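Here's the structure we're looking at; comments come further down.
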């Protein structure tokens, strides 16, 4: 491999390189600095690194043709719209996680070098996952992400609950990823390649043609186990509430945003070649031939969101509640895969971006509440709204956004997602007046989605209600201006993004004026 | 000339309205809370009404004014209009209403003096009068209905004037609700008319009846509906129950209600709408009237409260009027309405004077010998009583005789002998109970010494109206000719058609008549057609029949009235010895059951209570409970279903039937949420096991089922 | 049965085929899965995971040996490469797992997973 | 020629059978052994057997890596883990719970059945030539530093992070 | 100016809210003043709108001619989905906007008795006003939905923070119920978007006038299953707001717990949105379904059930406010009945009934609020004789109650009688039953009046003062409206008569 070639390739993963360097820098800084200073320095370094990585994305090779993304490192590394969006999500998640962690009471006793390194490492591996086009890299990235997260979950190592959370997370995760690995081995056997795009297209072809169907489905099932664990999809979600509750709150926020998004990145990495494959278009109506896929994801979506929402109804612990809420959101997102079309993928990406903002916002307020009240039980938050109206306003905004109500971006997200489901239904009717079975299926999915979002309102509002409708006179609550700024930084976009135009431009590959301007500024 | 009448009519109506508005807003700033304002306004209206009446008297046409103005565009084509109709009937009614109302206003100045809500009382009176004037001036059913309801509202306000008393408040509600029951029928009648004819104006409805647009069972239904409304207002059996209770209001109000406004409205409506009633309806009207007359008279026999007796007598007299209208005695019925207004107002105001004198004591068993203390009142009262029982020469005699003659004639022609029988029996009963009342009140020895000592004759504000009314009771029979002129033909059928012809002077209808020459009475029932044949056959003998009926009725009714008087004299007139010729107590002992039933007014109130009011209340509290309870039971059911996974069909049924009740779903989903949470045991190995089971399950499905 | 034996190479006529390795790997995988559920000791579960990882490597190797990676070119060496990385990952996983377990042992005094269930509904 | 080939097959088949028995029996023992330390010992044989399979499948390098890393590293780590976390012998109870064991055995058997069915039903496409061992260490090096360069780098980072994380977790004193 | 008018009406309250937020929390008098001035200005603007509005230019001639051209505003908002900021009014909206302006202005005075968190209250209140105005002005489906939901959020807090004992429950019940309805509406919006896109006119995907004109789901040969689905999704969404049996159970709770001012808005305006939605979207978008015989009959019966069931429930209530709440259900039944029969009397009547109910129910709730301020309970049985104690209050109550009862010459009568005229044409049986509702209404209204006002005064009510000046300010205008519009209903009806003719032309 020539040097120039190597450099060209390295440019593609510039942001990952920046992160790797940051990890080293953080570790060195932590080694050199005393405890008190190292905290701030590591955080700042980490945030800067993540910001730099975010900016470095602008240097990523531009996507000229979404249908044929550019490959690097002999086809192992892929750089396309999908990976770009996911990387933005990951880096944003990392930035806010680090900022939150520094303010969290649960992590104040510990050094931050390892923490920053692990967060950045997790993000780094997640971004490799989003770009992986080879099962080797895919597996490594997947596992590295998991391993970092296991340690992060146990980072509050002197407490009991984080230990328990880490144990459950680790055992469940290791078993799930082993199962996935076994499934990957079958996929390799079926398609004789480790290259993901070729492999998945070939697999889909086999599914469509009906050759080796059982193994095809079994391998998919096994792979889905591992990914399902990451995105907390029913029935692989069991770890989720316990881990969110036990882990330090910023880590839970990280898991709910970055780790879940990484799971979806993995899923979409596998699914995207199939969705956009020109080979499959040759078969008559491939969508119909992949019935099992639609059915599987549709059912999974329905069950997952319903389970998450129903189980959340009676939660009294804020972190557990958010855990179930994140399960439910995984369900909504899976609707996009039930549709299995490119507009649905775009909707999923938009949804994920917005979900990142709103979930981080909600977690941020919870982090502060936990810090001030010393408990994550919702009851202990009573009356907090009047102590800090701004924070409450942001929390409320995030909660209604999570519910999917206008005038917040959460509505735009659900709007786009349900739109893609309904579009699939209407297209299945083929311009006729009869509602075919397929169409009815999609309509039912959409209905399940909206009804679920109505149900979810109940527990989100339970959260808000406690804070605003009840009084607790001796509650002390103080947050600094900076902390309020974080909240605003997450809350305001939620209002602004109701106009989802820029978001849609971002995900659908039409570069909006902001990005080129940013690019020229940087270059 | 006509324009002037239109203007006059408007002024007659608007004067009380304006006075009402002024009084409602600032009666406490006016001298005497506006009593004299109200009275003088009514006086003016009276004068103007008399002017209209005189104009009508000399008018060649029946209809003087019939103008419409758009009020509300109901649909694209149909516009609900308001309008004024002045015909001879209206003219009479205007005079009656304004006269009685004026006298009542005058009377109240003294009677209500010192009342806590004196100004408000006058507001009520003015509203009452204004609504009644609006009612008689309306040229369409919608306006009639509007004022009809306003009459109801005013009666509610006035009957409940002393609302601190529970019985007064109850009576007010009873009056409103009972009449509203009738109003529903009326509304349905109106709806039928509107839907069938596209208009609510009387003239167009009558034209539609005439041209056969509104016909058959719909016409019957409309007629019955409208008459049902009249039954409510005019207190016809079985909707009469409110009227005696309405005595809880101030006595002048009773006078107003009984003489000129509320109850008259029903009879007026029946008279006004007569053309749309077909013969079955008319027969029903006649029977209702006849039965009510008899029925109420029997109750009146045993009442002790001076006003209650008068109340039942009103019901009975209204029965007469309805009976008359039912047999086609248009002129007789409305004539009786007028004369009755005079003498019944006189009686009530007289009773008011007595009550005033006796310091609001109403029980006749506490009265006695009052003529010595208040001779003028007694004289007036006697005159009115004589008028009521139909003593020859008095106004009531003429009108009642006209009714009885019509009924007799009807019956001679067509059977239905119950009707004249009821009429004549009631004559005797009326005479009996009225003189019973008179004797108990004014003659004999005072039974309550204390009250008697303090009794005194009444001041001029009260006496004046009494005198005027007494004079009218005596002379009111002179109007009879005028009513006869108003409808010269006496045969029921002819009369109806004649009225329709007179009423429909719009070009449209005339044109229609010329064009189609609709077969006469094409919508008549076979019975009516038969009658018609009989009538034409006996055309020459018809006059003879009438003459015979008239004579018979006159003689018979006079005899019966005298008999009734004599009976009352026997039983209630205390001679010097303080004894009566025939102790009424003996009669009671003789048939105690009948007495008890009469005393309890045939237990109708109790019956209604058990039949309607209690079930209604129970139903409503049940619905209220249902509304809260069903949700809870649903919730339980849902929870149960969620818990044991009850039969899917049942669950589906519940889902379909009640599933969208959020709370039910919420509790159910919460219960399901609990089930979901039960999986979350906290044991990592169980989590792994669940996952393994899921994977195995899916792969087994894959292998063995797909 | 005869087919099965033939498949497993018990007859001398044919060499041991792909399916034989696959079945062994599957058995190993299932055994590992079983261990994860049956063992109460967290380390036992860890051992089960190692078995599953080995089963996966065996699959990769068998597929590579019998089918190759024609689409990735002759030099792709999918089996050994995958195997090496899986072994590396297994090592990492074991290290982290043992650290977590030791931490757990400090806090709870046990690594019996059934004793650790403070968080539940 | 044919005879030697047959002999080669026979030898390969025999060694396959031997290793299979070794691996499965020791693995079963690993799963169902009463004490965890016995399970760990038994795992040694399984891992060794796996190395044998790798040799049979033509990758000596992987076999060596298996022995060095798995047996020499991971297994020893596990042993340490067992020893570090073991209670005194008296307090030690069976690490197996028979209900779970039975349940897992049942589902396990079912699952094996499923797997076998699926594997047999599949239409695998073995390459026509079962040739000589294709692996060469140099080639492997090329692959690792060529197409899989990124994976290799990431693996290094993974090791680093895991070591840092693990060290952090077991370090008892802060600062 | 006229182009700005609708935007001003809609967003002026939001501006007021911003000013309000800038004023420190301790100046509650200034907060009140700001709220009064803002809502007052909005009311004036609505009057300007009504004055400028010319109903005669509303025709069926073209897609947009059904809306007031002078105030029609359209500019792009979310371009990729062709979502526009599109405001426009027709007669129906104008009538309801004026009503909203009036009630939100008057309810501000009612809210003066609130002392807790005054700033927050009025800030949320002003957001609510914006939401309500937005719903009535929006002609873009997406924008409509945004306003529709925007209304919910402040409402939740207004009930939840300033409500009665059980406020949290009532607030969440209200919120979830209405959300459940609105998500169904969302599904329909999406379906229309997708369909318009697939038939090649995505630029009109959220354009309500175009959607009505184009009817993308229409196929020859009657209503399809798809249309039925869409229709019922919309209908349930709006019926929850109306509220119609069996989706009505949020209403009593919400009303009982809400503070008076909010009950006024809730009953006076929010319930109208259900009817408005049905008239603006549900029926015009899917006339094929609405005109189906069975659907018409079903909805007419549903209206009837509302009338009777609501009245029965009201009759059985022990709580004054709950009774008024159930009376709302009963009255709104006429709206459903009137719309269902699809003739001009019915539709005109239904709209008038909405207007009338806005006035009478608002007044009733204010009346209940007045007495609750003094007695701190609402148990009807514990009142009695208040007519003696508070004569002015009694007088106003008579107006309010009889207006609600549907007494002729009062505002409640016109709507009812028009609806009955319309429905009688459609089905005699249903109408005959509906007239029973009038009787029941009379029964519960009078019975309540008797228990509250009539009878001997009770000693515990001795100290009750008559209505205060603020209370009179809010009550008297409504009383005047109740009478004036009862006598001259034409001045309301003329505003929307052409619009309802346009509405009927869709069928």
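So that you can tell them apart, the chains are marked A, B, C, D and E in the order they are listed, and the count of residues begins at 1 in each.
Going forward, a residue touches a chain if its C-beta (ideal position, glycine included) is under 8 Å from a C-beta of that chain, and two chains touch if they have at least 3 such contacts.
Keep in mind that what you see is a predicted model, and the values were worked out from it rather than measured.
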item: Lowest number of touching-chain links that must be crossed from chain C to chain D; value: 1
item: Chain closest to the middle [Cα centroid of all protein chains]; value: E
item: Leader among chain pairs (count of C-beta contacts); value: C-D
item: Per Cα centroids, the chain farthest from chain A; value: B
item: Farthest-lying chain, centroid of Cα atoms versus that of chain E; value: D
item: Mean-CA-position distance for chain C and chain B (Å); value: 96
item: Rounded Å distance, chain A centre to chain C centre (Cα mean); value: 28
item: Centre-to-centre distance between chain E and chain B (centres being mean Cα positions), rounded to whole Å; value: 37
item: Centre-of-Cα separation between chain E and chain C, whole angstrom; value: 66
item: Sequence positions of chain C contacting 2 or more other chains; value: 22, 29, 32-33, 36-37, 40, 45-46, 48, 62, 64, 67-68, 70, 76, 81, 85, 89, 92-93, 96, 99-101, 103, 106, 113-114, 116-121
item: For chain D, residues that touch 2 or more chains besides their own; value: 100, 103-104, 107, 111, 117-119, 124-125, 147-148, 151, 155, 158, 162, 165-166, 168-169
item: Contacts with two or more other chains, residues of chain A listed in rising order; value: 136, 140, 143-144, 147, 150-151, 154, 157, 167-168, 171, 175, 179, 189, 192, 214, 218, 241-242, 455, 458
item: All chain pairs that touch each other; value: A-B, A-C, A-D, A-E, B-C, B-D, B-E, C-D
item: Contact footprint of chain C on chain D as seen in their complex; value: 6, 9-10, 12-13, 16-17, 20, 23-24, 27-28, 30-32, 36, 39-40, 43, 46-47, 50, 53-54, 57-59, 61-62, 65-66, 69-70, 73-74, 77-78, 80-82, 84-85, 87, 95-97, 100-101, 103-105, 107-108, 111-112, 115-116, 119-120, 124-127, 130, 134-135, 139-140, 142-144, 147-148, 151, 155, 158-159, 162-163, 165-170, 172
item: Chain A to chain B touching residues, read off their complex; value: 167-168, 171-172, 175-176, 179, 213-214, 217-218, 221-222, 225, 235-236, 238-239, 241-242, 292, 307, 309-314, 455, 458
item: Touch list for chain C against partner chain D, complex; value: 7-10, 12, 14-24, 26-35, 37-41, 43-44, 46-48, 50-51, 54, 57-58, 61-62, 64-68, 70, 74-77, 79-81, 83-85, 87-96, 98-103, 105-106, 110-112, 114
item: List of chain C residues in touch with chain A within their complex; value: 22, 25, 29, 32-33, 36, 42, 45-46, 48-49, 52-53, 55-56, 59-60, 62-64, 67-72, 76, 78, 81-82, 85-86, 89, 92-93, 96-97, 99-101, 103-104, 106-108, 113, 116-121
item: Complex contacts: residues of chain D adjacent to chain A; value: 117-119, 121-125, 146-151, 153-155, 157-158, 160-162, 164-166, 168-169, 174-175
